[in-house]
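Let me begin by handing over the structure; questions about it come next.
All chains are identified by letter, namely A, B, C and D, in their written order; residue positions are counted from 1 within each chain.
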Amino acid sequence: MAGRPLDQELIRIWPSYATYAIAFVSIGVVWVNHHTVLEQCIKVNRLFLMLNVIFLMVVAFFPFPTRLLAENITSSGARPAAIAYGVTAGMTAVMFNVLWFYASRGNRLLREDADAAVVNGISRSYLPGPFIYLAATLVAFVSPPASAVLFGAIPVFYVLESSLFARR
Amino acid sequence: MAGRPLDQELIRIWPSYATYAIAFVSIGVVWVNHHTVLEQCIKVNRLFLMLNVIFLMVVAFFPFPTRLLAENITSSGARPAAIAYGVTAGMTAVMFNVLWFYASRGNRLLREDADAAVVNGISRSYLPGPFIYLAATLVAFVSPPASAVLFGAIPVFYVLESSLFARR
Amino acid sequence: MAGRPLDQELIRIWPSYATYAIAFVSIGVVWVNHHTVLEQCIKVNRLFLMLNVIFLMVVAFFPFPTRLLAENITSSGARPAAIAYGVTAGMTAVMFNVLWFYASRGNRLLREDADAAVVNGISRSYLPGPFIYLAATLVAFVSPPASAVLFGAIPVFYVLESSLFARR
Amino acid sequence: MAGRPLDQELIRIWPSYATYAIAFVSIGVVWVNHHTVLEQCIKVNRLFLMLNVIFLMVVAFFPFPTRLLAENITSSGARPAAIAYGVTAGMTAVMFNVLWFYASRGNRLLREDADAAVVNGISRSYLPGPFIYLAATLVAFVSPPASAVLFGAIPVFYVLESSLFARR
């Protein structure tokens, strides 16, 4: 940080702003989705609480790969940083499916009046998650910046898709 | 920090205390205002939740420009630091308007019994926000300390104005 | 930290454990007291919310003087560190009185059925706070370690006193 | 961190991932248990609130020994780091018993309809905690890595046991 004027320094660290926004919006989508899952549940049990703990463990890990990505996107460390980010995001998507299918299988924890269309809609929208992030992570082997762009585009696409869907 | 007695050091870093207070009170006003907005809402939808995520993304960014301002107010970096703070505060004001007009346009998310006078009062008090912070940020090109004083004065003025207004 | 075995290092930093405990219990007492104040209130207004913001601003400042005290208690910086801690604690006590007397003066925000004995008891127990911390801070001019012991003893005394009092 | 490619660095710091998971799951178990305790309580008093503050003080200390363990498990500092972790975990187990027996002794704070079987079940499952962690900590004198494995296994065992138990 030494020896360079602050204004140039603030411009040089633009990847930090980009990854901050990517991670914040991604976790925001996670939060909205988690809210949707819990809204369908009428009760919890110990195992579900512990699955939530493991889910939160993965989500709380995000700042680490986010910072790695911000600091290395323009250097030779871009590939491992992008893979670290992709693995974290992919594990989050896996945990979403674990949480959701544990709660919904045989209506284990769902409300009596849970709407079958909503339940199926959630199932359909969560299942592709791990595969989408796996694909974006594999892109990092070819082009780390391209995978970073995908990491940013996935939650934005999700927001747009589900907002438009909700409107219909 | 080395080589200087602690008492002198604690006095030397006074800009840190000042910016801590400025940022804390500013975010406090944001919190009270956000509370006011949500109080008028009876329901939410996915897009509103995501707008809140983006709003929180801007608010959670405050510690960064606050620290920049604290560390650079007496140096040559004062101008970019003040601009960074002003842009963050201005974006917060913009997001307030986005949230509020999305919720209130055509009473989209408002309570049935939302008082038209209160709704109009909120609209009137939020609209100038982005322009006030834009002006304070432009002042930084002439005098960064003057803009820092404005950043501190704006939320204090807002508190006094709305407290007196509430009393009437 | 370099060049010293970890076990010796963990013993050498005992002031950090002591000040961590002092600050945690002090903030714990603050939390219990704040709970007591809000329990007596039936409504809030904008000015009360903003007073709470300023109150939280002082409470959220605690980690800074706590760390100063931990790192300097055995060095020449002990006096300014103890004064910084005492001033923060004293300001917290002042803000408690501001919050409480704003809420209770003329029953402004209190519940209809607020028990006069409880209200007077709170008033009596908060009023000495600023003076007690002022005294403990002045002790730092003679002996910083003695004032640190007082900073630890005050909340412990408060807990014992109010727990025994509550039992009667 | 300097001079080594990021991918090798990310592999070299594997103890950090392991201890992050151990600590997160341990605190998760603490959270689920604390929830179970509070669920049985119908009221609180000042002393119980303060015991909770001391309990939280111990829980909030976890990141410190966790980081020590992560950074020293493969070095000569492994023993003191494992002991620090074990003492923190043991104190948490002690505080659980203090909280629980304070609340349940003579049904002091319990609900009228608290199920005696549940109350006795909680008592039976909490009492061994301090001794289990004491044993795992003593193992550190022989083999710090072995005690670290135990620190990870204890909460996992607890989750499995209580989930299976809950199913019966």
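The working rule: a contact is a pair of C-beta atoms (placed from the backbone, for glycine too) under 8 Å apart; a residue touches a chain by one contact, two chains touch by 3 or more.
Everything numeric in this text was worked out from a predicted model, so none of it was measured.
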{"item": "Residue-number overlap at the subunit B/subunit C interface, same or different (half cut)", "value": "different"}
{"item": "Subunit A onto subunit B, rotation angle from CA fit, given as a multiple of 5 degrees", "value": "90"}
{"item": "Distance-maximising chain from subunit D - centres being C-alpha averages", "value": "B"}
{"item": "Length of the line joining the C-alpha centres of subunit C and subunit D, rounded to whole Å", "value": "28"}
{"item": "Residue list for subunit C, restricted to those that touch at least two other chains", "value": "none"}
{"item": "Pairwise touch network: line, ring, star, complete, or other", "value": "ring"}
{"item": "Contact set on subunit A toward subunit B in their complex", "value": "5-7, 10, 20-21, 24-25, 28-29, 31-32, 35, 159, 162-163, 166"}
{"item": "Subunit B-touching residues of subunit C, taken from the complex the two chains share", "value": "45-47, 49-50, 53-54, 56-57, 60-61, 68, 72, 76-77, 79-81, 84"}
